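Given below, in the form of structure tokens, are the structures.
Presented sequentially are two complexes of chain A, the first with chain B as partner and the second with chain C.
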Partner chain A sequence: MNDNIIEITGLVKTFRDFWFRPLAAALKGIDLQVAKGDVFGLLGPNGSGKSTTIKIVLGLLKPTAGKVSLFGLPPRDRRARARLGYLPELSYLHPFLTARETVRYYAGLSGLDRRTAHVRTDQLLEQMGLAANSNRAVGGFSKGMARKVAFAAALVAKPELLVLDEPTSGLDPLATRDVKELIRSLAADGMTVLVTSHQLFDMQDVCSRVTILSQGQVVGGGTVADIVAKSADPRHALEDYFAASVQA
Partner chain B sequence: MRHSFHLALCALVRGRVLALLLAAVALVHWLLPDFVRSDGTAAGALEMWVRAVPGVVDVIVLLVVLVVACGLFAREREEKRLALTLVRPAHALGVAYGKWLALIAVAAVVLLCSSALTLLFPPASAVSGLPPCRHHYEPKMPPAADVAGHLLESYLADPKTPEAVKKASRSAVLTLLTTKEIDRYDVVKPGATMMWPYGLEALQEKITAGEPLALGVRFSTQFEMRAPVAGKLRLGPYTAVVSNTTQSVLEIPLKKADAISPEKDSQLDLVFDNTGKTAVMVRPRRDLVVLARADSFAWNLLRAQLEVLALAALLSAYGLFLSASLSRPVAVFTALVTFLIVLMVPSVVAQFPDEFNAEFADRIGLALSRAVSTVTSSVSAPSPVADLATGKAIEWPELGRLLLGNVFVFPFVLLSLAAFVARRKALPDMD
Partner chain C sequence: MRRFLALARTAAVESLAEPLTAVLFLSGLATVHLAPVFHYHQFGEAGRLARECGFSALLVFGLIFATAAALHTIGRELESGTAAATLALAVPRSLFFVAKVTGVLAALSLFAAAVACATALSQGNSAIASLLQSEHGEGTQSWGPGLACGVGFTLVAFALAAAANRFWRMRFCLSACLLLALGQPFALLLAWVTGIGLPASFVGFGPLFARLLPPFVVLLVGCSVFVALAGALATRLKGAPATAIVALAIVASFVRPIRFLLPDINHFWLVDRLAGGAVLPWSEACPAFGAGLLLIILWLLTGALLLSRREIS
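Up next is the complex of A and B:
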């Protein structure tokens, strides 16, 4: 039985202008698989195609060519979308909603009934340490608090796949540590996580497997354990591997 | 849909759109009556007050709803929140409907408040209360287009008809003949009698109950402005006398006659005997209307506000469609330009009915104006403020048709399109 949550084969994405003339080739035929239970790191320098890949996986962009399946379904299928949670690079919360309303809103959009949504919202706000501020408008929250609300919103429907785009971007060290611990605990509970980041130390800490993209192509990848085992400097193993792959 | 509704409602309430609208309503009701000038009659004062106060509120509500709708999808997309919504397993159509319903709810609250203020603080001229509205019954004549069609057939069959007319575009000639038929004058010479068919089925109950009726009529005279008109009017069992009046627009009370022969009763025609010395001209399709008491001003106000709400529903659906397709400034600009075009096109069509003498470019313009006028008639045709101001009862069947189209059919189409586009344009253009 195929245990892959995400399967991408020969994925090509070319952005076109108004007259359909090719503007930029963001992805040039990438293949990758994310297995159930993986914490999968999608790494690469700016403009390498990470965000485009994620947007295609989320069904927000249509591929030019190639095949993408999410839980064996097309990414735009509602059944597939019902099983994923997404945390974007910035939290993008509605500033006029309170933390509780925000999480309930996304719970509702995910199809949770009112009672379950209330229970799950309270649980998550408690877990994120936001219970005391749950009735404050998120427009007045610090970046770290807003990130926690966004995390709660992404997790509210108990997704099987969590897609995290730069989850520690702009966070202070303590908040970064909290996020990493959260990812580890989610992985321990069996959740599959697809994560992109430029923070290679953090990625080495949380990921089980990585793929490195450069200029729209896969230029390296493997399990973090193997990469660390083969490295002369295990503390900087992923950083060295990344630099070697991208500059090759 | 429920969650999207709640979100959009929170945005409108906490974003102070509702508060600003309510403040605008209060200001209009408080300040504008001082600036209203009328012809000095109670009816004229009420008409001007209705046009100036509830009328201005209605225009504000429609414009604000349109402009706000133009931002609902576009703003979410620009701030990258739309993508977060659309990665969830929610239907994009449900999301669009939620936003649309929130706009309707806000418009409904504002119109309700405006109505309450209208009834609580009526104009000073309405000392004896706001007058009841009246049904308007027009002569029962065959449709002008059918009459024009028959006329055209007879012209084409007539060997004396000039070749130029026979070779002209059939639709152009028909349009011209239809307009001529609508504006056709019947001339009643001194001592002559003219009859206009007036099916009174709709009025039968009122006739049986002996309710007072009136005839609204505009007399024109042939060679002299405001020559005195005199004559007798008969409408089924009702009669009235017109004695040497020089007024062109008249409202003539009709009295139930004691002795009317059954034959005359059954004719149900409006008959005018010209007993004066001047030939009288009447356009039967424009100048004659039987007025019968309907219900109170308050009920008519409710129906008028429902019409405005139906217009707001259609405009907000259109705004949401633009918002899903375009960036916010472009959507607002397009919406406002369209709104102006929709308001102006009917008068262009009415003022330039004859396309025979026009240049080619003018003919294209006329054809386009007619097409736009036809497509947008659900927005431009209803005139709730004018009806309320003149005391014309807004009829429930007419209102039902408007609600069906503007609240159910057209918004469904527009919101489906909006949902389709929103899903394909969930990300900003530069992303």
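Up next is the complex of A and C:
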């Protein structure tokens, strides 16, 4: 039995311009698997293809070549996407909606019934420390608060797979610590997490496995435990491994 | 259905929460309500100026509001990333597009209903002014209770929205638009109910509203075609080129409409059919309504197809 939630084989993505001429080769044949229960870190420098990979997994972009499966189904299959939650790189929220309306909106999009949506929304707003501000429009929120609202929206339908694109980007140290705690607790509850980030210290803290991309290719990867075990400086293990892989 | 409703409701709220919408609602309704003041210009029929102001308000302000809202709601969502966050979930792209356009159409319908009520009230006020003038001579300055109702409810809506924003942090523009729209039927009803002492020959506000309804519905459908067109263009084009194409399409629909693609606005502008006390029967309004509906469906299908093939980065 295959336990992989995400399977990517020979994935190629070439962006084209208006006249269909090749513009940029974002991915040049990558393979990766995310197993059930993993906290999987997709790491790489800017322009390495992390966000493109995530968008193909989410069915937002079409691969030029290669095979991608999500829960054993094509990424654009609704049955597959019904089982995931997504936190985009920036907290894209409707500025006119309040925090409560935003989470209920995503609950509605996930098909939750009215009663469940209300209960889950209240639970998550409380859990994220947003209950006191739940009736304020999110357009006036700080970046950290907006991130929390986006997190609540991603979690409202209790997804089996959570896709996090730069979850700690732009957050202060306390908010970053809260996010890491949250990822750990979700993983402890058995949720599979696919996360991208430039914050290697944070990734070392939360990920069980990582893959490193550079210029659209996989240049390294493995379990974080192995990487730490083989490192001369365990505190900076992932950072050293990342630098060695990218510069090789 | 829940997904559809969630998307449509958000699109409607976003459309109404825009400051431009509040300005257009206020401008449109004020134009209609103040028409009876110019009671010397009746174009041969009491209330005709008010009626034409009402239809023009829906056509001009409605078109600006609807196309801006459609381009904004769909185009900005695609550019800002909220669409990516939505379409990453189990939301079919066709459902997303149709629901978003439906939300904008709901907001436009609210505006149309408010303008229709304001027009009935304003046309009645003009007729009353004309009757009183013929009975009491020149210099009569009374337009009945209707003008006070219409203008009063419009101003009170803004005051209430400001109070709701001050004390309950409710969104000002959204509250103002909703209160403005909801205030108009109340103003009409109040003028109708309290119309004691009106000239005996005045037909009444209720029959006026019933007479205005068929051409208003037809014109609303005509405007709605441009909402669907603007939405379809917004799936592929950025704001400026999409706006330019919609503007050209609006001009073309007056001057040289393209059959089966753009509505001939002349077929949807039925205000002349009401001249001389005539009534537009539903049997004549329905074919124009149906033609508009077919064009809306055409552009909805086109938009859904364009979005389904688009890469969302």
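Here is the rule we go by: the second predicted complex is superposed on the first by the 248 of 248 C-alpha atoms of A that agree within 3 Å, B and C clash if a C-alpha of one lies under 4 Å from a C-alpha of the other, contacts with A are read in each partner's own complex, and residues count from 1 in each chain.
In this text, a residue touches a chain if its C-beta (ideal position, glycine included) is under 8 Å from a C-beta of that chain, and two chains touch if they have at least 3 such contacts.
Since the model is a prediction, treat every value here as computed from it, not as a measurement.
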Exercise for the section: In the superposition on chain A, see if there is space for chain B and chain C together, and answer fit or clash. Expected result: clash
Problem - Comparison of chain B and chain C by chain A residues contacted - result: C
Practice task
Examine A:195 and indicate which partner it touches, taking first as chain B and second as chain C; both and neither are also allowed.
Solution key: neither
Practice task
With the two complexes superposed on chain A, say which partner A:135 touches: chain B (first), chain C (second), both, or neither.
Solution key: second
Exercise for the section: Tell me which partner A:59 touches in the superposition: chain B (first), chain C (second), both or neither. Expected result: both
Practice task
For A:238, decide between first (touching chain B), second (touching chain C), both and neither.
Solution key: neither
Problem - Partner chain(s) touched by A:110 [first = chain B, second = chain C, both, neither] - result: both
Handout entry: chain B and chain C contact sites that coincide on chain A, given as residue numbers
Key = 55, 58-61, 78-79, 81-82, 84, 86, 88, 90, 92-94, 96-97, 104-106, 108-111, 137, 153
Practice task
Note which residues of chain B are touching chain A in the complex, please.
Solution key: 2-4, 6-7, 10-11, 14-15, 79-81, 83-91, 423, 426-427
Exercise for the section: Over in the complex, which chain A residues touch chain C? Could you list them? Expected result: 52, 55, 58-62, 78-79, 81-82, 84-86, 88-90, 92-94, 96-97, 104-106, 108-113, 135-137, 150, 153, 157, 163
Completion exercise
Per the touch rule above, chain A residues touching chain B in the complex are 55, 58-61, 76, 78-79, 81-82, 84, 86, 88, 90, 92-94, 96-97, 101, 104-106, 108-111, 137, 153
Problem - Contacting residues of chain C [partner chain A, same complex] - result: 2-3, 5-7, 10, 13-14, 17, 80-82, 84-92, 169, 171, 174, 311-313
